[in-house]
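Paired with chain B in one complex and with chain C in the other, chain A is shared by the two complexes that follow.
And now, the complex of A and B:
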């Protein structure tokens, strides 16, 4: 006859009250769980997105968040220098431009054109066709197109298209370049409404009608033995005028600036849900204790200790809160899926970015917060029974 | 030897118009195996005296000695322990736990006293037979009549073999015939050597006691 067993029997006896409490806590808990998933989810998803390309250091020409890109002067030569560093395993040059793409049917779309020196395993998954060729002489302008764009223009691997680059801030009259679609891909960083294409740096140079083009982003893979922090230090020694960030640095920068808003919202809403859960369970337990004062006074008169009665109440609280908190996990998970789909419709966000990401850490925090809530909700009823005057209560029960 | 002794106890209750004495300068002793009944009109202080002797309340002045120990000098845990193992309480309204069966209600004080499971199961069976409810062990209080509930409550009070059984109007909620059955049961408990202090309006029950006392306006008058 443990306190838990007695609490379970009490909970079963007052079934309707228990079911209402569990449902209430489950609904509140689902919201709390979602807030916890949201507070770290975007960051975790962003970190996952950064790490998915296989590069752990980013070099840009500007300070602050590595979003605004300036061309990196002498990037081709710099890439060769960096590849020679013992801390660096690989370097890729990236240049992003706006462009217009025409299919053979003369249908056009404005696209984001990514020029890259990476010819395999880039930040995309191939849906159909092949990756960019390693040998630039085999194809003048090989092109990877996003699945959405391929569907929109009706192009497939092997299709011929024409592309005309429109450099930012420049009134352009560049002639279109004939390209061949080598593959249809899903770009990791492409946003929902964005049409993206990728080609080789050589092809981009031709499209821009320039001899050499500077990258505006360099991706570096550090040597596993050295790690990204050592690679960043080595890069800064070579080119102190540039900004090199490890993926952790980028995530930390976004955490400080870009995602603070979500954390604050999540903190405020989490706190509110905890207060609601506390009020719900504390009220139910207090009402229940007030209805059972005679019974409790009689138990005390029979020699059942204050500690035992307090622990029964604590277990009752734990059962109600625990039951609700457990139910809250699948409920919150389903709600998170729906909310995530809704939020990902926001324009300009990479398709692979998620707002709600399952993390065991969120489950642990959820459990810890509800543990505290259960204890706090039981505190007042426990105090009420601990200071219950036995004789006066028994007298009142008989007179009443 | 006295199981419990009240020495010149007074119990005042604070009221808006000034303190009211529910019990005034009362001395009472209940000896080992004695059967004492206290009667008197409503509000004369019978239940208050019972609560003082049953160690659930403390006198404003005077002393309560249980097993020759001054109750006022004990901690709440020690008083609770006395109530658990030395006193059995029977209430007018039974106060059985509604979510436990008759058997489990009787087991509860034994579990609190850390009686091993096998021993307490055996004691519970014995007590259910003693009160004539061997076939009702698995029934919830809501499935029992008033008389059956009071018999379970008496069995619960006897679970830890107390030296003193205190009963506050144990027949107050029962009809005459059922009240007589309870009185018979008290006779058996007394015959088995347990001291009884019963507060009652029921003359049939009071007549069974070996010593009958009357209270009036907070004082024992006979």
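And now, the complex of A and C:
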């Protein structure tokens, strides 16, 4: 009879306590698994979001990645210069303004208006209708509206709307411009409570009543052979007054600042759950061994070696912790869905951003941590049985 | 109806204005004063009374020299606790002297232009109406209430997240507690059998088990609260040093302590009774394995 088989028999004999221990480990393990997903999930999701548009370098007019963007002077000319660089494949200009959108005289919404030179494959998925037209002469003010806004205003592709821009920091009351909805889309970067619309840069210029409008963000796709780092260096040579960041830079910056809280909490809670699981399994095994000292002494008296007894206890620990850890994975997955939904209620977060993202690395770390916990939890009971005096224990059992 | 109050001494928050030099320059006692954050003063190695020069660009094309009148601890902001608080507060005319070009009236940074005006309303409940009225009267001005609705507050979301994690931890801990109580009940199988045999009623035994469970829960809860109190200082000191902030990260309040005790007591009681129930309910002879 192998040590594993003996351990299994013991576990089956004390099935109520074994089931309860496995449930306890599974619940704590689910929490640990979720904390491991959280520790890298937000970053992985954010990186995925940045990469989804196909552009790997971002150019802004000020230090850091500010919430309030400064316009990039001469951005149209700069875009032409950048397109000529061997490290650059494509350049897109973006300008973001606050605006008011009217579907009729009485119904309006405050919206985030995105003017872009990109007319296909932008950071959105088309739900109904078409993308922005390539030719600006075909439609003076084409609009893509978010699904939420379309539902709120009751507009569909083909609907006519009016838009009035409210430029930041400028005291003005610009006249509204007539636009036509070309498509209903899901914007990648729009937050849950935000109404967003996108149009062409030409239409935005008209809405702002200016001849040329400077972009406040430029997206650059680097040549695959050169890579984003080389593109960043080339851009900085052309315009040293601007700040160019590769997607990796942006993720690193946010990792350092924006996501610190979740990194810290996942580290603290992972450590606490590990200590918790260790203490509880160790206590459970120790109490269980103390209850079975007579039985263990009898096995020793029959000739079963110390090593074999220790091995049985190690297997018992592995069965409890391993069973719980296995159950923890699906349980943790379900819990992560709920916790993710809860955290995504935070205002201002892009709808596509997730806090808990499945990664095989998290599963491997989870397994390794529980392996260590099982071994550590079994250490004291193993030591207890190894130094057990056989005759004295048996006598105490009989006399007691 | 609405009384507006604009801060009399307009104090500017300086961001992106470089502190050019400090310390060793001759002290100009007539220079206007500036307040530096503790972090900025430490980084620039200046102390109260030193003269410092601010410039809006690295070349120092437009500068203003001020005297350090005080060093302050920035108000902790949980939304920005990872940010380095390199800040200075100066009078608005001094800030405009660095950033504004008075010759160009079209420049949004001209002398009469400010980014934000803080308004304190007589009745904070009027914020929405005031914002709508102001927007109608002054197109292009965006008025936003600073108070957050409970649902729109990121800390309310975090609060719910922490509560969910606590609930999961309690479920896990309850399973372990039950397992331990089951072991304990099995240990006392013979004792319970003898007690029942000599005529001690089930109700008395149940009361004894309940009191025991309650005592264990009380001792456990008190130990837990004391551990939390002990950890509070350590955690706060660690994170305050890590992020160079005065923000309090962990606070064990009496209401939190009471909530944990109130959760632990019924759980301990229920676990004790549930684990012993089979011994109290079963036939006496079956307890002797007969």
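Convention: the second predicted complex is superposed on the first by the 394 of 400 C-alpha atoms of A that agree within 3 Å, B and C clash if a C-alpha of one lies under 4 Å from a C-alpha of the other, contacts with A are read in each partner's own complex, and residues count from 1 in each chain.
Assume contacts are C-beta pairs under 8 Å (C-beta built on N, C-alpha and C of every residue); 3 or more make two chains touch, one makes a residue touch a chain.
Note that this is a predicted model, so its numbers are computed, not measured.
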If you stack the two complexes on chain A, which partner ends up touching A:27: first (chain B), second (chain C), both, or neither?
-> second
Can A:342 be said to touch chain B (first), chain C (second), both, or neither?
-> second
Using the touch definition from the top, say if A:104 reaches chain B (first), chain C (second), both or neither.
-> neither
Regarding the shared-chain residue A:298, is it in contact with chain B (first), chain C (second), both, or neither?
-> first
Please determine whether it is chain B or chain C that touches the greater number of chain A residues.
-> C
Does the superposition put A:209 against chain B (first), chain C (second), both, or neither?
-> neither
Touched partner set for A:260, first chain B, second chain C, both or neither = second
So, does A:51 touch the first partner chain B, the second partner chain C, both, or neither?
-> neither
In the complex formed with chain A, which residues of chain B make contact?
-> 47-48, 51, 54, 56-57, 76-77, 80-85, 87, 89, 91-93, 95, 97-100, 104, 107-109, 111-113, 156-157, 160, 168-169
What residues of chain C sit close enough to touch chain A in their complex?
-> 16, 81-83, 108, 113, 115, 138-142, 151-154, 157, 160-161, 164-165, 168-169, 171-173, 175-176, 178-180, 182-184, 186-187, 239, 243
Write out the stretch or stretches of chain A touching chain B in their complex.
-> 1, 9-10, 12-13, 294-295, 298-306, 308, 389-392, 394-395, 397-398
Within their complex, chain A touches chain C through residues 16-17, 20-21, 23-25, 27-28, 30-31, 62-63, 98, 166-173, 193, 256-258, 260-261, 264, 269, 273, 276, 280, 283-284, 287-288, 291, 335, 338-339, 342-343, 345-347
